[in-house]
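Have a look at this one before I ask anything.
Chain naming follows the written order as A, B, C and D, and within any one chain the residues start at number 1.
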Amino acid sequence: MKKVKDFLWKPNLTVEDCVNKFGNLGYQASELKEAVEVILKMKRTNSKIFLSFTSNMVTSGLRGFFAQLCSLKIPNFLVTTSGSIEEDIMKSAGEKFLIFNFDADDVQLHEKGENRIGNLLIKTESYLKFEDLMQKYLKDIYKKKKRISPSELLKEIGLKIKDKNSILYQAARNDISIFCPGIIDSSFGFHLFMFQQKYPDFIVDNIWDMGKITTQLSFEDKKAVISLGGGISKHYSIFSSLLSGGLDYAVYMTTSHPTSGSLSGATTQEAKSWGKIKDDGESATIIGDVTITFPIMMSTVLDKMKKEELI
Amino acid sequence: MKKVKDFLWKPNLTVEDCVNKFGNLGYQASELKEAVEVILKMKRTNSKIFLSFTSNMVTSGLRGFFAQLCSLKIPNFLVTTSGSIEEDIMKSAGEKFLIFNFDADDVQLHEKGENRIGNLLIKTESYLKFEDLMQKYLKDIYKKKKRISPSELLKEIGLKIKDKNSILYQAARNDISIFCPGIIDSSFGFHLFMFQQKYPDFIVDNIWDMGKITTQLSFEDKKAVISLGGGISKHYSIFSSLLSGGLDYAVYMTTSHPTSGSLSGATTQEAKSWGKIKDDGESATIIGDVTITFPIMMSTVLDKMKKEELI
Amino acid sequence: MKKVKDFLWKPNLTVEDCVNKFGNLGYQASELKEAVEVILKMKRTNSKIFLSFTSNMVTSGLRGFFAQLCSLKIPNFLVTTSGSIEEDIMKSAGEKFLIFNFDADDVQLHEKGENRIGNLLIKTESYLKFEDLMQKYLKDIYKKKKRISPSELLKEIGLKIKDKNSILYQAARNDISIFCPGIIDSSFGFHLFMFQQKYPDFIVDNIWDMGKITTQLSFEDKKAVISLGGGISKHYSIFSSLLSGGLDYAVYMTTSHPTSGSLSGATTQEAKSWGKIKDDGESATIIGDVTITFPIMMSTVLDKMKKEELI
Amino acid sequence: MKKVKDFLWKPNLTVEDCVNKFGNLGYQASELKEAVEVILKMKRTNSKIFLSFTSNMVTSGLRGFFAQLCSLKIPNFLVTTSGSIEEDIMKSAGEKFLIFNFDADDVQLHEKGENRIGNLLIKTESYLKFEDLMQKYLKDIYKKKKRISPSELLKEIGLKIKDKNSILYQAARNDISIFCPGIIDSSFGFHLFMFQQKYPDFIVDNIWDMGKITTQLSFEDKKAVISLGGGISKHYSIFSSLLSGGLDYAVYMTTSHPTSGSLSGATTQEAKSWGKIKDDGESATIIGDVTITFPIMMSTVLDKMKKEELI
């Protein structure tokens, strides 16, 4: 068994060295180091990897990092919510989000047209800009296809985007499908509705994407999930893997706990009772805000992959 | 300002008396009492009420209570996930879920065909029974309608169910729409996919339900949300209200915190910056497991409504 | 194995009936019912019971309930912090605490001499009143005893208090020792310091209380803990039991989770590795705010004890 | 207002660069960057700094880092619990703690004499070694002083320790007082008791340390707290600062939330209502496990201090 070893600071410590030291600390630090090992195994075995995340992470600057991971072909599939999509599009159009604070006069913000997400702000005008873009995008896509799956729709939009820091841009160009089981929610969903009012034969067929999953994933593939946050994105990626035999590797990063039975807080152990993770599947769970834990963990993975010439 | 008053036990205390005392205690107890008042105002003003919940709550015995609330016409709309739907159908077919514990040998459970959700178990055979029912239901419904919205689909299924403790049964018979933005997730979604493989012109058009919302809710209506847990169900119900001017009343019951910017933990204050809750909207938030907090709160509401002859 | 059973409201539901129904719900609700059973076993077996709690619970109106439980001789020992003691004394002197809200202008409160604890307020003048009382109490006690243990000191103060809703009053009159391992913290500790400045031979000998524990608890006794919240009060009560062989019964009520290794979030399972809880010890853990969970649970215990003629 | 900026990985990223990028991300990442700035201000202004932490952090390998921070004279005072002290002494005597996992067969661990703290293990034999040392240390110290304050006692022990990674060793040699308001808890407290059984005139006078605080801190000093975790250590350090006018700077790192009114989860805003933090005091709060957040934050602080020639 591994021994606890005292953490000592050295000047100019790299993130990788720091995470190596985390492996000797215990609690969430050693789990984070373990997660690095699990993801390296995913990549060494050419596992098919789902990366799932929630829209608040796209609101934060993790959006560019998700795009970068796509450009490096780390995940094979993304699963997220419609909020993520609309904010990626806004940012691709040059809209800027602001860092404010958690204690705010929200009525005053409302008057100023500033919408708060934790300690971040999105201006109402960013939504207006998004609206214009969406109607334009949808018109173009509708000309090509009247019945479309969400992953096809998002690929088409991605191909129209010019921003290299865009998730949709990079996913579209690196053959990474974006699944969005709740695509009809949020502003994105509302604009689908507005468009359909004019073009009633426009159909977004979400059932089709389950067909895509069953053809792109086989029982022979090693399968893996990196799940950030919870909700429908976490469930959909795990469930998709279950359809072809369950996960070989799983990393959960969340702030939820298992005590109220929610899927968001469900443990990797619980997942084994379902066969969502295989009996001998390897996993790690890190409790904490992903704006801190994910860059630390994933930068370490990338530095180690570079040394192994995996990227 | 109200003063803290010592809680004292009396024999055979009723839940309503207990909650009245909670109003003098502080922290989450006084929030729970405040939530009772907010919901009473919703009902006194004939607000249109969204009740949103996650599937783990249906796994637990809250399912029958949600059905009872529909029979009492408390909510006007339900918003939930596909997991809730499939479990409601299983239970309506007589399937029983078991109470186990949080610490389990999950590999052993897997071998026995028992799937764990917190301290509860669902047998794999319940899913098989569900599969049979679903294909039968879908065949019947498909004969009537090839392109259908989720709320219509769930109403049709509800009308076929015979169990008075079923959410779908009661919603269908009491003119309560069930919205399910992520309906294509889970086993429910998988069986939609299997059915569509045979009948490719079968379409579940989730965009249609946004149209339904916009016609059933007006700017003149008082609007309200009772949100249990987070995720897409919480967001969809709040966003739906925003489309016609935002909420007059909101009660959030959750285990999430606002610190990582997730919608699940987003506060009612934050909602005001968006206009999701009106500037003068009234709200209460209760942090805790809804299997405890919701029956306590809602039983008190019902006892008080009875006295006011509102039910 | 027990089956999940749907919760259904009936008019005028009692707390006991509600908790009985909780036993069929899962998650924290079934844990709460389990905790009721564990506490009933504590009382049926005449276990020596530690009740530990933190000062914020005394700030809230649970203070009177703790006193009532002492009058009913439910616990044998209390373990708490100095903040609890000072607030119990303030309230005994007629000081009132106020219910405000979690979002406050704290700089403005500071100007008004109102100190916030969550959504509660304590006036600075309550501290001034406490100061006067303390110096008077200490003078009297010092005349009798110059070197005193915390439990003796608190008993002496309890005997001077006239308020039946006071924890110190009831503990002193019902032969219940109050242990306060961190007694020198807070205003209470500061006034001990001020007094000792004048009377340097005044000694509060906290080591003595460990002697008291070892004489009042034997390996033959059944031992039990009801731990509300975490911190030093939780640890001290568990550690005290360990000195005479560990706990037969334990109920933990907390908002903390085990993920960062803190004692506050430590599980009853972990406690078994230490022998803090015996291998065959029975336990339950309820995650949630005790202002809600404790009155619900404990009122049910008392109603059931009454039927069994245990009180 | 600052704008959100996408995080992008570069090979061999240093911790400092990573944290600089955190400042553009939002949520807890931007709070962590803010905390770095607040601590730099503490040091630039020669503030008197309290560093408080709980014993589970000493169980983990943060113990050596706390010692290193003392050797670099970062804090002026430490506040912690007796568990921290005993584990620092064990480790100084060469005892090793093990990294295991959160899911364990605790009854089996008990049989093997391995005591679990989260995912870490301490062997029972480490406690036996500690016992021998303690009785030896106490005998020596008793010869010099029969009535002693905790901070004096811990300094004396520190001077006997030979391990440079020991908190007590470095504190004793760098003129840093260790306050331990709950010193009589835990094994440490038990051995004080055993010793006093033989030497009844041995007195650990915890009141004396409040005198020490009042002489070592003045209203003129800038005062600061870095509080890791909650409980009595957090409260004592904040209260100590309040005695001489309140804090100019505060960094809280915790996993607790303010919703149940506990001091562990109390916000820096709430602290202002008490004057614990001055009206214009600067602060940051980071929610997350300190085994991850503290090394990241503090390594960045040290790298920046080095550039400013502050160390």
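A few comments on the model shown:
Following the convention adopted for this analysis, a residue touches a chain if its C-beta (ideal position, glycine included) is under 8 Å from a C-beta of that chain, and two chains touch if they have at least 3 such contacts.
Keep in mind that what you see is a predicted model, and the values were worked out from it rather than measured.
Considering every other chain in turn, the ones in contact with both chain B and chain C prove to be A, D.
Over half of the residue numbers at the chain A-chain D interface are used by both copies of the sequence. Fitting chain C to chain D on CA positions gives a rotation angle of 180°, reported to the nearest 5. Averaging C-alpha coordinates per chain places the centre of chain A 26 Å away from that of chain B. With centres taken as mean Cα positions, chain D sits 36 Å from chain A. Note on chain placement: the centre of chain B and the centre of chain D lie 44 Å apart, centres being C-alpha means. Of all residues in chain C, those touching 2 or more other chains are 26-28, 56, 59-60, 103, 118-121, 257, 259-261, 269, 287, 289, 291, listed in ascending order.
Within the complex formed with chain A, the residues of chain D that make contact are 1-9, 11-16, 18, 21-22, 24-32, 56, 59-65, 67-68, 91, 96-100, 103, 118-121, 165, 269, 287-289, 291-293, 295-296, 298-299, 302-303, 306.
Residues of chain D touching chain C in their complex: 54-56, 59-60, 81, 83, 102, 104, 106-107, 109-110, 114-121, 147, 181-186, 189-190, 192-193, 196-197, 203-211, 214, 229-232, 235-236, 239, 243, 255-266, 269-275, 279, 289-291.
Interface residues of chain A facing chain C in the complex, by the touch rule stated above, are 26-28, 103, 257, 259-261, 287.
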